[in-house]
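Each of the two complexes below includes subunit A, the first together with subunit B, the second together with subunit C.
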Partner chain A sequence: MATSVTAPMVGKILKLEKQVGDTVQEDEVVLVMEAMKMEIFVSAPVSGTIKNILVEPGQSVQADDLLAEIE
Partner chain B sequence: MDSALPTALRALGLGLSNLGVGEAFMLLVGCLLLYLGIRHRFEPLLLLPIGFGALLVNIPMAGLMEEDGVLRYFYETGILTEIFPILIFIGIGAMIDFQPLLENPKIILLGAAGQCGIFLTLLLALALGFTQLEAVAIGIIGACDGPTAIYVTSKYAPHLLAAVSVAAYSYMSLVPLLQPGIMRLLTTSKERKIVMGAVRRPISRTTKIVFPIAVTLTASLIAPMGTPLIGMVMLGNLMKESGVVERLKNSSENEITNIVTLLLGLSIGATMQAKNFLRWETLMILCLGLIAIILDTAAGVLLGKLMSFLSRGKINPLIGAAGISAFPMSARVVQMEGQRYNRKSHLLMHAMSANVGGQIGSIIAAAIMLSLIQGLGT
Partner chain C sequence: MGRKEYQERLNELEQKVRGGEPGATRKQQDEGKLTARERIQRLLDPNTFLEEFMLAQSQATDFGMAQKRQPGDGVVTGYGKIGGRPVCVFAQDRTLLAGAVGSTHAEKISHAIRSARQQGIPLIGLYDSAGARIQEGLDVTKAIGSIFFENSLTSGVVPQISAIMGPCIGVAAYSPALTDLVLMVQGSSHMFITGPAVIKEVVGEEITMEELGGSRIHSEISGVADYTARDDSECLQTIRRLLSFLPSNFEAPPPRVDSGDSPNRLLTGIEETVPDDFRRAYNVLDLIRMIVDGGDFLELKPKFARNVVIGLGRLDGHSVGIIANQPMFLAGSLDADASDKAARFIRFCDAFNLPLITLMDVPGFLPGKQQEQKGIIRHGAKLLYAYAEATVPKITVALRKGYGGAKLAMCTREMGADRFLVWPAVELAVMGGEGAVNVIFKREIEQSEDPEKTRQQKMKEYAEKFSGPFDALSKQVANAALRPDQTRCELIRSLDMLLGKKEERPRKKHSLMPV
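This part shows the complex of A and B:
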């Protein structure tokens, strides 16, 4: 059962800290977004392996958009 | 002919030979403001012209603030008439986005709580012997909003303008240092970890257009003295949201704001002459301003706690700290503090709602005070 990583707010993807296949610990940063000229660190809700990343740097996202999946 | 040359040469050093201790000290203060603005990027757009203005007016015999002095013209035509702050308000309106507030209207309450410091500090200033009008100008530092503070002070206590605006702008930049401690002190570890969901509610264009008109009419009818302030902010905002006067909106947020910011900063710096600025009152105003901002933060966080309790733990009380209108600094502080205690917590947008609420709150608080003063007949 995959767990979703969703955008906490509207903004832009700045950089990916993890790639598909990487293992992550809970609360480890998966990617960095920019909102209101501020860096927002989006972290993993659970520990596991990154199964899928659905965004790339430069892309705009809305709040609650699916960014990545962890298994 | 023989004695003319030495006399003429002596005139060259006139500035130096007339330099008093006060002027020398104010030259250092000017340099300090320049240092804070350039090196530490504390509100450089204002501190740089203010600091340089302070240097210019403290050079003896230069006469920039004397009758016919060039800075005196700027001061009299722009500040005493309130034209500069009013023009800045149009620019602020054109830049401000009320979306976060419209998405989450109950958060505006935090913006109201963030103004408590204004009124408490006003009472404190009265107790310390300042006159009513001076106390109003000092309390307004607690609005944590430079242009509002300048507007109110230039109207009622222009002799305190330098102290009030320096306090307002320097404390605004110190928000990231001042707030976290108070936020920590007043909240429990459990409260600080509360995760608030993402904000997502579409706001129609009509709502965004009607909002500035409705606020202007309601607020101005309640507190008519505040109409210039609220009216100009909302005019700027209406130009932005209507989308039909792009050129006017662009000039307001860029050229007009830039030109006026330069002249405003320079004119404020020009009021920092040693004979006006080096007084006990200045020191007291700086202290009272600090108290005002601490009280604002505390009131916001405490109301946040109450809202957290009433919502059964759905609201993180930290966002209350963003109820002061230091925009967007205090919203950023809230996001950072939230992250520090819980990596899964993202409070930025909720804090932005409170922050925008605080901006409206401070303008309305100023409007109410102006109307009350008029009511008192002073």
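This part shows the complex of A and C:
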């Protein structure tokens, strides 16, 4: 079952650190957001492979929006 | 029978109790768990356990209980020493009557808590129980009620530490919740008020014990657990480590532990650890480990409300509680959970004479509908209150920024900090530049020929006024400027001056903490 990576808060996607197919360790940074004038690191909640990335740099997101999926 | 015969029978009985039931002991071992007696042995200094009421047993007779009674009644209690200092301890024994709580069992626990309070020594409870022994009816809830009462009365008198090392379910889960620190063991410990069977019956939801109240739930979501251990052994070692930071009771100073780390040590690599650029996040744990003696920092609730870091460390051998914004998560802003987490920790430190070291780098309270609905006003108030209430030495270091109310919630001078120190490139203001300029110069910006240019111009002026340490130093907001590489030695020098602090508060029955 895929595990969701969600936006921790409202903000903008700055850059993607991982691509679909990459393996990640738990707590490793998947992408960087910008919020409250700061870079926000969004990390993998579990170890696995990136199955899906649903956002691109520049895109605005709301808190709890689905950003990526890890399998 | 004479003295000799009675002695022999006593020996036999005690031998039998110590041995436990072989079948049940094996089951415990198969689950990767230690038995109650093994746990006590690992927790305490060698040969210091002084057992109490080993042969106490249930007096219940209903539902065939008279035939089932066992000496000890499923819990081992007594005194012992940790790091040479006395403690009281109880360990529920899953191998005897499933560790179920009967009234004798509960009375033994109540006695241990009361003894800890009267002797002024820490209490350690190791929980592993099938729950209340319902065959004993009202006697059980009555006896469990006494445990809650003793836990509550003892709160703030001596440290109370609970380790959940198996099930701790139903009403019994409130006993650890009334204590100061809760540890859980990954995989084998569970805490919940109503179990999966009742949930299925009442609401038709299917849920496992792990999903309902496993260590992950309580360490990441509910915030009940302060520490999650890999196994029994690590859990017991961590209790010993925790106690090494704590005094035996509220009237004693915490033990001083010499680590050999020089009080004059300068911090190296600050520029890489805490970037000058406010936009860039960093891991504040790296800075904390640089500051404390020997890099030894015991973080509490590490996976709950990760936007604030709390934990115990030492400065020149003196135990301190450290509270820091964590820019790695939610930009280090304060939300409802982070406020709650830090407020509870501050009160714990204040109760047990641990000075508070606060590292501030906070962009604000987390904005949004969700936070307002979650009660950020109520929870944020706890944090303000806890800092104001604390009478231990309080030292705050402003690392980079502090805006508005969130700055106050990280203990400024007005909120009672004894020393408020600022790093050179600090920005302390009522709010961040862009927001402030949009309010103050709203009309001017709108009416200008090039609004964006005017906005930029005003932001530059605002930054010139509020960036850097000078405004804070001239207005006595800060006591002194601090060179980042001297953070450790200056904290130690400050602490050395403040350790004798005594502060009287207005007389009253008690305050109304905004819980």
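Going forward, the second predicted complex is superposed on the first by the 71 of 71 C-alpha atoms of A that agree within 3 Å, B and C clash if a C-alpha of one lies under 4 Å from a C-alpha of the other, contacts with A are read in each partner's own complex, and residues count from 1 in each chain.
In this text, a contact is a pair of C-beta atoms (placed from the backbone, for glycine too) under 8 Å apart; a residue touches a chain by one contact, two chains touch by 3 or more.
Fair warning: this is a prediction, and the values are worked out from it, not measured in the lab.
Look at A:41 in the shared chain and tell me whether it touches subunit B only, subunit C only, both, or neither; answer first, second, both or neither.
Both: A:41 reaches subunit B and subunit C.
Which partner does A:6 contact after superposing on A: first (subunit B), second (subunit C), both, neither?
In the superposition, A:6 contacts subunit B only.
Who touches more of subunit A, subunit B or subunit C?
Of subunit B and subunit C, the partner in contact with more residues of subunit A is B.
Under the contact rule defined above, give the subunit A residues that sit at the interface with subunit B and also at the interface with subunit C.
Residues 8-10, 35-38, 40-41, 63 of subunit A touch both subunit B and subunit C.
What does subunit A use to touch subunit B in their complex?
6-10, 27, 35-38, 40-41, 43, 45, 62-64
Given the complex with subunit A, which residues does subunit B contribute to the contact?
Contacts found on subunit B: 198-200, 328, 331-332, 335, 339, 343-344, 346, 348-349, 352.
Quick one: in the complex, what on subunit A touches subunit C?
For subunit A paired with subunit C, touching residues are 8-10, 34-41, 63.
For subunit C, which residues count as touching subunit A in their complex?
For this pair, the touching residues of subunit C are 278-281, 327-333, 363-364, 366-368, 370, 432, 434.
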